[in-house]
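Each of the two complexes below includes subunit A, the first together with subunit B, the second together with subunit C.
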Partner chain A sequence: MAKWRRRITPYLFISPFFIGYTIFFLYPVLRAIYLSLFQQVGIGSEPKFVGLNNYFNLLTDSTFLKALLNTTYYAAGSIFLIAPLALVLALVLTTRNLYGREFFRLFFFSPNITAGVVVGIIFTLVFSAEYGLLNNYILKPFGLPAIRWLQDPAWVMPAIIILGIWRFTGINALYFMSGLQNIPAEIREAASIDGANRWQVFRFVTLPLLRPITVFVLTFAIIGSYNLFAEPSILVGVQGGPNNAGLFMTMYLYLNGFRFMKFSYAATIGVALAVIVLLLTLIQLRLLGVFRED
Partner chain B sequence: MNDASQNTQISRRDLLKLMGASVGVVAAAPLLAACAPAAAPATTGGAAPATETVKLELWTFVNTHARWFREMADKYKQEVNPNFELNVSEIAYGDMHDKLQIALQSGGVGAPDMSDIEQGRFGGFLRGGDPGLIDLKDWLNEGGYSDQLVQARQALYSYQGKVYGIEHALTPVVLYYRADLWEAAGVDMAQIETWDDFIAVAKQVSNDDVKAIPFEDHGALLRQRSSDWFDAEGNVMLDSAISIETMEQILAWRDVYGIADAPTGGSWFNNDWYAAVKEGKWLSHVGADWYAGFFKDNAPELSGKWKAIALPAWEKGGVRTSCWGGTGNCIVKTSLHVEEAWKFQQFSMLSKEGNVRRYELTNLFPPFIPAMDDPRLHKPDEYFSGQDLGGLFASVGPTVPPQYQSPYRAELQSKLDALWQDIYDGKVKPADAFKQVSDEVRKTIEQES
Partner chain C sequence: MTSFLQEQKRPTAQRSFHWQRGVERTLIYVGLAIGAVLVGAPFVYMFTGSFKLNADIFSYPLTFIPRHPTLDNYVRLFNGSEIPYLRQFANSLFVAISQTLLTLFVASTVGWGFAKYEFAGKRVLFLILLATLTFPFQLVLVPLFLMMVSIRWLDTYWAIIIPGAISAFGCFFMRQSMLAAPDDLVDAARIDGASDWGIFWRIGLPLARGALSVLAVLVFLGSWNDYLWPLVVLRTAEMFTYPVGLATLVGLYKVEYGMILAGAFLATLPILVIFIAGRNMLLDNLTIGAIKG
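Take a look at the complex of A and B:
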């Protein structure tokens, strides 16, 4: 009896997490997969089994494909613009002789502690075509023409990426900074003594040693991009703005589930979203050589 | 010493075990409770015995509605039922409708007894077989209320012979105009009867910077012409000839007559638009009664400069108003106090006093005919140059057209919203855009039937 108790005790200690996990995560995920095999529309309707029909509909749904394209557009911006910018910022902020370093660190991190909805509202003022900050105070002084950021479908996604740069560069720079601080100065010094110039030290010493952090940053960039909801839905409206140019997959999921009452179709989008994120992350991890044995 | 230390050890271990176990139970208990179905819902809702307190929960997303409901509940408690208690929860627009939907979808778990539902979201509730709301039709007929409410407004909450809600607002659409600037240009707006009249004088006041009118809401102008995006049977009518022609006419205001343009910022509800209005770039705007409040909130410095006339007709003698927006109050089927809720609805939403008080608090002109002539609805409005706006609303009130509800309205609206900018910019013809959206919605309807 005492032995049994001793065995069970550790499980009881970790049980709160697993109970929460099962109810709030595992069950909804399994339920979503189950629901995606049915047709259920509206309140008080009986679900009808339709097999993979919802998935076939998804593949021919032009709005869904548009949302997938938009989201991928943003994810690309996140990986190829925000992440490199964050690395550059981290390098600058770890420079030893930078005056006011602590201030700049706080400054660049602060957008991260602001709620997404607030950011969305503030940026509608930034991007406003007639009276906006960007057009009137940044483009105009350089003699550049005003851009209809939120009305011209071609400019909606660049606008959202600019918002993303403002919002997420700081936090990613913080990750890179922690990575940079873990690289022993001796290794870099040794490389310099061996005749490597500064670029070579960065390219062949710092960057490879930053790999674990880079993997982390890029993985979260992908997951974060495909999960983005609050900022774009405030900026262009949850319907996705002109020509659905700002429609993210999460917004289309919300529209189907809560506005059109197509619960099972919304579940299908959710499952598709999860599969896409999983695949992209695996591809990315492979490209960065995480599965490679060193 | 040895014994004592052993004792403490044991008791500490026991304590930890106990904690571990209780944490697990405590964490799980509310979750499990949340999963359990609520107490068996009454299907017809028997009234509670008179001695017991009747506690009702009401949800709304409008701040002024919440204030009005609370006031009405206090009065109801004093005058009708001393055991009545109403808890009014004010929840943000999106959240409230989402939560209500989830509650109804899961069989009434956590649902309120009564709730406001905005007309744009109401269609969604009709999407399945049963919206989970009480059909008020028989009660409304028996009480004689059907003749007292403007029936066109009730169409919003009626579907397949059932009536699921009572509308708060008449939403008569009128033409607001900058009285100071039009008068300075020597135009007597009172003389205008038709859109042709309007276009003729609008040319005098429009130039490159200042336009007489923005592109206005297609749906509102279409309903003025006794049509809509859906007909009474729920068929998609967006690509009908009159619908396309209406949009072409709106575009012609700019392309042919030079009196209009797309609203600044793309709609009549954004900061750019209000800024441009304040700068005097727009001289008129088509809006419902609630838009009067939008002017006051967003352009308070223009007080005393605006006035309103009935909407210009499409042909001489034609209808001079439309409807736009609205919010209904509904009773949830799973409520244990359906009859009490209905009594409270009668007291607040179907009484002259209730309707007058609501106008005073919300500025929404009531759809309840017996209240329309009350002098408290006809006070001169300072913002609108001392005009009796209530008088204007009441005069066009009886001709407010119906807006037919459809489970597919939200989906159609969403698809259409994505295309307005392209239509405004001339990138797509109204006929093509409307046809595309209509076909997509028809396909959805077909798939689901």
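Take a look at the complex of A and C:
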């Protein structure tokens, strides 16, 4: 009896997760895949088996492709603007004897823990064409014409990327800073003693050593763009604004599932999104050398 | 070391070096100051805007200081003239606190099980836990919603609290920190006749206090700020959490912007308190994922 109890104890400890996991994760995942092979509109309607038809429909659905394109557009903005800016900020914040380092670190990070809905509310006023902060306080003093950020399809995505810069540069700078702190100062000093100038030290010593963090930041930036929902749906509406210019993948999933009640189609979008995110994660792990045997 | 090297340089080179350093320092501070203004201005505008008349928010010239300061937005928010804001704020508080407590319970027991016991299938089960971390929530959004419909949890707090408490990240996080609990202490307690639960409760948990408080902050913030899932499962204004409530206000009454800003500002206050109280712990631990990754 005592021995049996001894053997069952560890399983009792880990059971809360695995019970919850089976009910609220494993079963829904299987149900999502199952749903994606059927056609069901509305609760209680009879599902009809359609094979991979939902997936084929996805590939020819111009709105879905638009959402995919927008998501990619934003991801590119993250890679080429947010990540480099975060790296610069991290380098600046790790300069020696910087006065107010802690304050700046905290302050630049604060947009990240603000609720997405609140950020969307604030930035509606930042981007307002007539009464917006951006047009009146930044563009106007430079003599630039007002931009209809949220009404002009061409400017919706740049606006959301600007929001992304405001919201995510700080946290990514923190990631880079933790990476920079792990590089021993001696390595950089040794390189500069050997005659490397500061750009060369950065380019040939710091940057290669930051590779794991860079890979992490970039993959998370891309995955993050697939998760974007609250901010764009407050800014331009969950339908995605003019010409669906601000429609992201998760918004399209929400629309199909909870506005049009196309459960099976929404589940298909969820599966597609999960496949994309999983592929990105695998690429990340590969780049980090997790699969290397040694 | 560096000062020694600098002394070796010729005086002229040293002087230009210092001059260059000075310019660079100035540029860095100017850049940081501009950055801080750009980051801070939207927050300030939200705060001061909550004391403005709607007509003043949408009129030229824009001002940060309210021209006709008023508490009207707050008064109307509190007496529920458009949305039951206080109720929604309380809902958010209840949901976030419950979810945090339950997550801490699940994560610490599971973490302890993985950290301090050997058992058949441990490796596989741990890999399953890790693999769960990589799946996006959107995958289960529709089927989880359908489940909530069939078990009649739609428009209840359970729908948010219970599934939300199953956090693979939380379990992983607690396991990592509980690995550090000294085995000698655990063995000694066992020899003294302590039960497994007693050892967890009296040794494992107290030793993991730091990790528990970090996890509590992370879970609370995540729950407090969440929008998508509450939007899907909550149906009536009395049950809404504040993000869902504010979003309805945005959708319906573009003109009520002062009130929206007041609600947004109040909802940011708890975050501000946590942020200031736990700043060091937060900053040190947010990057855990990155380093491990």
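The criterion applied here is as follows: the second predicted complex is superposed on the first by the 271 of 294 C-alpha atoms of A that agree within 3 Å, B and C clash if a C-alpha of one lies under 4 Å from a C-alpha of the other, contacts with A are read in each partner's own complex, and residues count from 1 in each chain.
The definition used in the following text is that a contact is a pair of C-beta atoms (placed from the backbone, for glycine too) under 8 Å apart; a residue touches a chain by one contact, two chains touch by 3 or more.
Given the structure is predicted, the values throughout are model-derived calculations rather than measurements.
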Superposed partners subunit B and subunit C on subunit A - clash or fit: clash
Touched partner set for A:242, first subunit B, second subunit C, both or neither: first
Touching partner for A:125 - first (subunit B), second (subunit C), both, neither: both
Partner chain in contact with A:263 - subunit B first, subunit C second, else both or neither: both
Which superposed partner A:201 touches (first subunit B, second subunit C, both, neither): neither
Partner with the higher number of touched subunit A residues, subunit C or subunit B: C
Which superposed partner A:16 touches (first subunit B, second subunit C, both, neither): both
First, second, both or neither for A:159, with subunit B first and subunit C second: neither
First, second, both or neither for A:29, with subunit B first and subunit C second: second
Partner chain(s) touched by A:210 [first = subunit B, second = subunit C, both, neither]: neither
Which superposed partner A:228 touches (first subunit B, second subunit C, both, neither): neither
Steric overlap of subunit B with subunit C in the superposed model, located at which of 23-31, 41-49, 95-103 or 203-211: 95-103
Contact residues common to both interfaces of subunit A (with subunit B and with subunit C): 9, 12-13, 16, 20, 43, 124-125, 128, 130-131, 237, 258, 263
Subunit A residues touching subunit B - in the complex, by the definition given at the top: 5, 9, 12-13, 15-16, 19-20, 23, 39, 41-46, 63, 124-125, 128-132, 150-153, 237-244, 247, 255, 258-263
Residue ranges of subunit B touching subunit A (in the complex, touch as defined): 16-17, 20-21, 23-24, 27-28, 31, 35, 94, 97-98, 101, 104-105, 121, 124-132, 264-266, 270-272, 275-276, 407, 410-411, 414-415, 417-422, 448
Contacting residues of subunit C [partner subunit A, same complex]: 1-2, 5, 28-29, 31-32, 35-36, 38-43, 45-46, 49, 57-62, 105-106, 109-110, 112-114, 117-119, 122, 125, 128-129, 132, 134-147, 149, 162-163, 165-166, 168, 171, 196, 200, 221, 224-225, 227-228, 231-232, 243, 246-247, 250-251, 257, 260-261, 264, 267-268, 271, 275, 279, 283, 286-287, 289-291, 293
Footprint of subunit C on subunit A - complex, ascending: 7, 9-14, 16-18, 20-21, 24-25, 27-29, 31-32, 35, 43, 89, 92, 95, 98-100, 104-111, 113-118, 120-126, 128, 130-131, 133, 136-137, 166, 170-171, 174-175, 177-179, 182, 189, 193, 212-213, 216-217, 223, 226-227, 229-230, 233-234, 237, 249-250, 253-254, 257-258, 263, 266-267, 269-271, 273-274, 277-278, 281, 284, 288
